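The following pair of complexes shares a single chain, chain A, combined with chain B in the former and chain C in the latter.
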Partner chain A sequence: MAEASLIFILLERILSIFTDELINIPLINPAVEMLLKIPFLNVIVAFILWKPIFHVLILPGLIGMTLVLLFIIYFERKITARVQWRVGPKEVSRRTGGVIQALADGMRYLFQEVIVHRDANAFYFLQFPLISFLPVLLPLLFIPAGGTYGIRTIYTIPAALALISLIPVFIVAMGWASNSKFAYIGSVREAFMYFAYEIPFLLAVVAMIVLYQTSDPFEIVAKQWIPGAVMNPVAFLVFFITVLIATSRLPFDIPEADQEVAFGPYVEYSGIIFGLVMMLPYEKLYLLSMISVILFFGGWNGPEIAILGDLAPVIYLYIKTIVFMCVVSLARSIYARYRLDQSLRLGWGVVFSMSMIALIISVGWMAWLRL
Partner chain B sequence: MKEYSLDISVTPPKEYESYFVPVPKEFLEDAYRSDDFVVFTGPQHGGSGHMRLIIRVKGDFIVEVIPDPGYVHRSMEKLAENRLYIQNIPLFERPSIIDFGNYNLGYVRAIEDALDIEVPERARYLRTILAELGRIGTHLYDAGILAVFLGHTTGFMWPFALREYIVEIFTRITGTRITGSFVVPGGVRRDVDEKTLDMIKRMLNALEFRIKKFERVFIRNPTTIARLKGVGTLTKEEAVDYGVVGPFLRACGVEYDVRVVEPYEAYDEIDWDVVIGEDGDGYTRFLVRVEEVGQSINMIRQLVDNLPEGDVLSDSIISFNRKDIRGSFFEAYADIVLPEGEYTTLTEAARGTLLYSVISDGESTVPYRVRIVTPGWMYLKGFMEACKGHRLADLQAIYGSFGYFPPEADR
Partner chain C sequence: MVKVVKSPKDGLIRSAAGHLRAITEVAKVVVSPGTITVHYPRERRKYPENFRGMIMFDMDECISCFRCAHICPANAIQMYPDAEGRYFPGIDYAKCIFCHFCVDSCPTAALKQSKIHDVAYRDVDSMNVSPEQMNTIPEIVREDSVTVEYDFEKDIQLVRKKEFENLLVEVEKPERPEFKAVPQYGENCIGCRLCMFSCPVNAIKSKLEETKVILETDYERCTGCGICVRICPTEVLILTPIEREGDHQ
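Showing the complex of A and B:
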């Protein structure tokens, strides 16, 4: 009897931890209150609606990210088709215009054989695509979305960027584990590109941190009564170009140039593992778009919606992120691919100088505002 | 750049022994012992076409490219020895089916030379229209391939969509989208009506308008220029030495065009200019072909406007219906026997000079031997030489700028 009551006390304790930081959405509050009265189920409901878990698992976390990935691939194919006088994906679910095309592709990957070729280092070959989700999901803990957040520190932006910067390491490792010539060339290209964009990219972010005098996103967003992209357009331009390079979008599609090195580091992957590694640049794009929205487009700023409560800022951030990703995906239909040396020259030359100018502009703003 | 050599003993991988690789074993071993890297591109590769390229790279720079063509060889010359002269017309357009006008023309002119057939004026004009339409189509096709090799997918889709206009006109004239086999000894298969001629003119306007759009999105695109300018340069002397032909020779500054040197059909009756480039690099090779499309549009306009009235088949071939060959093929062509001798024609196909040499023994209804030298084969050497010293990523750019077409080269 005493043990049973102990369990109940423990559950109450756990429940109180969750309910302290429960996300407040007036729209579903009556249902949540009703569910919280049911024993055992209330712990599960409270756990899901607990702010950190809601943030990482639902929106803008795992489920939100999956939806974005499914949408952006469809959107990219559709908009490219429009530019190229084509129709684009349509046959899967004709009534909705082929919206679930990416899902159908994912299903097909799932039922395809995963081939591990003889020369590959099988252990690492299969391991890297799976653990590459770590640097994708961990930054989400740090990037807040107004109403919800995972971990709140004043070092949010540097921590998130440090984790995102780990992704190329996994890509290079994939190419190494594949042990094939094209994968090797692709990995070397990826490594070169990594060094070319990372410094201007970080300098652009540093310029914005200098401008806002803080790296806490809550303060950054609160300070953006005019968007950061207007305050320091050069930093935004640098950020935009480096996002294109970082996510291997055209015209910087160099590491995975399919006509030259046949998808470079990913050449040997097949089946669902290939599906996972091909998602990697898109996941990176999602994270970088989120950071760019926070730094340059006023984050989750927007009119209050009473009925959504804490969810409203999350949705603002989410929608702005999707719009940013859509703009990035347009570059595919406009540009050809640069050569490795040309983009290195661009990265170390023009973009690097521009990032220095951005830093100077930020310092200038700061000095002027202090006066 | 300072070089650091690593003294590590490396053995060439076993796959070089088990696969058929057309390079000496010493080449591979030598490359492995030095710092070089041998990359096999193709035949199943997004940027190789139906051939294998064995590339030796030093760092990122190409030292040597060894082509391994022949994957689409169809032994066309041998096949031709067992077929009637007329049956060889569809066979000999197979090297480049999108450019069938020129390929028909070369072979048929050889037969006409042998039999001394006078071709009616109207048929000559129609043949020229077909040849020039094929030239536009092929250049658009090559532009699309070049674009996709540079990663520009819009530049790939648009020319292929534009080629659809040409193909539609082919359908109206010949009845098929490609492989028209429209040119027959003594004329063309059938006459073209006024409606089709009007359609050709309207199509040319639409094509011209859209090519201007294409120019904005791909031809003048800064990334395209960055990738092609100064890449794969051949000097005038090199181009002549390696036997480069066609627009690629003209891009190096050599003024040679069979249509001017030995005019055939209606080429000497219309106004047009030979397009000459100067630099001989990849971008010039591309621009020359873009300009040629403009010239061809201009030529077709003149040809359609000045199309003479009359028959389209010669008297000596068929006497009762000189407007349409359908139904009288057997009667007209089954018993053609060429007089003994060798008959050679030069034709300016879309990708360059095309040579047909028909040898007849004077008594059989099949050719004794037909020699066909396609432009693709002629500029393969130039293509390989142009790659040397450039980066590995430039291989596809140079490939695209030459518009190399393995089925054409392998015959």
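Showing the complex of A and C:
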């Protein structure tokens, strides 16, 4: 008897932790209140609607990211086809124009055999694709979405960028574990590209942090009555180009060049593991797009919607992120591919000097606004 | 004469203008792409009447003249005898190059073109089509309801029309000359009389004059089937069209 009451007290305690920071959505509030009266189920519901969990697992987080990935792959194929006067994916679900093509591909990957070839270091070969989700999902904990947030610190942007910067390490490691010629070339290229973009990329972000004089996204977004892209267009340009390089989008698809090294570091993967590693650049793109929207496009700023409550800013951020990703994926139909040496020269030459100019512009703004 | 072309100067304004032009061009195409893909099973491109598709055959019109088999550059046409000993063409589609020389050479339009260009066979052997099979129109499964035409007038574009196109082409029948087997080169005759025995209507008679066999055709009876012409080892008999009065005016 005493034990049972102890459990109930414990559950009450846990529930009170969750309900303290419950996401407030007036649209579903009656249903939530009803569910919270049911014992045991209320803990699960409160857990899902707890702000950090909702943030990481549902909207900007895992489920939202999955939806974006499914959409962006379809969108990228379709828009590229449109520019190239083709039709693009269409046959899977014809009535909707093939929207579920990416989902169908994912299903196919699930039923495909995962082959681990003899030369591969099987342990790391299978491990890296799975643990590469760490640097993908951990930054989500730091990047806030207005209404919801995982961890709130004033060092959000540096922390998120530091975690995102880990992704190339995993890609290089995958290429190493594959122990194949193409994978080796691909991972060396990935390492080269990492050197090409990382410094201008960080300098562009630093320029924006200098401009806002804080790295807390809540303050950054609050300060953006003019979007950051207008305040410092050079920093935005540098950020955009480096995002293209960082996510191996087409003008800079050097590490995974299909036509040269057949998907580079990922060449030996098959089945669902290939599905996971193929998603990696897209996931990185999603994260960088979120940071870019926060830094340059006013984050979750937008007219308030009363009925959505805390969800409205999340949805603003989400939609802006998707639009930014769409623009990034359109870049592949505009520009021709760069060679490795060309993009290294670009990264260390033009883009690097542009990032220095961006820094100077930010310092200039700061000095002018202080006056 | 050698013409020296200077590479344009690489300037900031020039490259910026180039980027802008590329972006506007892509934006223009995104808004209105010039896609000219024909969604094939659901819509079909409209082909001209003389499209060289699968070859249709009408056995009743065939006069067994062998012209198709002779003219075929790919050696794809073989003549098969039927129960009565008449020969009809059968096409080996594994060899056929769809030049339609046979269709052009056919004097009675027994062979004619069609717009069927999507035929599937189970294996290579079944691609060798016999005259009987050629006589029947193949089973066509059609999913299309739209006919598409390319418009080359201004910029190339597609014109879609909601109409169902008939894949079989109606060909005007040429005036069919009546043929008779004429023993034209009597000096070649070796007197084997195979023609006489092979004639299904007993139209050929032979006379022995000294050491020579003289062939005679009863033109009333002769149907111009060509069996004797085919069987004659020394090509004495020739199928000759009958010239009626008023044919050549």
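Rule of thumb we're sticking to: the second predicted complex is superposed on the first by the 371 of 371 C-alpha atoms of A that agree within 3 Å, B and C clash if a C-alpha of one lies under 4 Å from a C-alpha of the other, contacts with A are read in each partner's own complex, and residues count from 1 in each chain.
We adopt the following convention: contacts are C-beta pairs under 8 Å (C-beta built on N, C-alpha and C of every residue); 3 or more make two chains touch, one makes a residue touch a chain.
Being a predicted model, the structure only gives us computed values, none of them experimental.
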item	value
First (chain B), second (chain C), both or neither touched by A:Leu330	second
Partner chain(s) touched by A:Asp253 [first = chain B, second = chain C, both, neither]	first
Partner chain in contact with A:Lys181 - chain B first, chain C second, else both or neither	first
Chain B or chain C, by number of chain A residues touched	B
First, second, both or neither for A:Val83, with chain B first and chain C second	both
Footprint overlap on chain A, comparing chain B with chain C	83, 85-86, 333-335
Residues of chain B defined as touching chain A within the complex	37, 39-40, 45-47, 60, 147-155, 157-158, 161, 217-218, 221, 223-224, 226-227, 391-396
Complex contacts: residues of chain A adjacent to chain C	79, 82-83, 85-87, 330, 333-335
Chain A partner contacts - residues on chain C that touch it in the complex	22-23, 26, 29-30, 33-37, 39
Residue numbers on chain A that touch chain B, as the complex places them	80, 83-86, 181-182, 185, 250-251, 253-254, 257-260, 262, 332-342
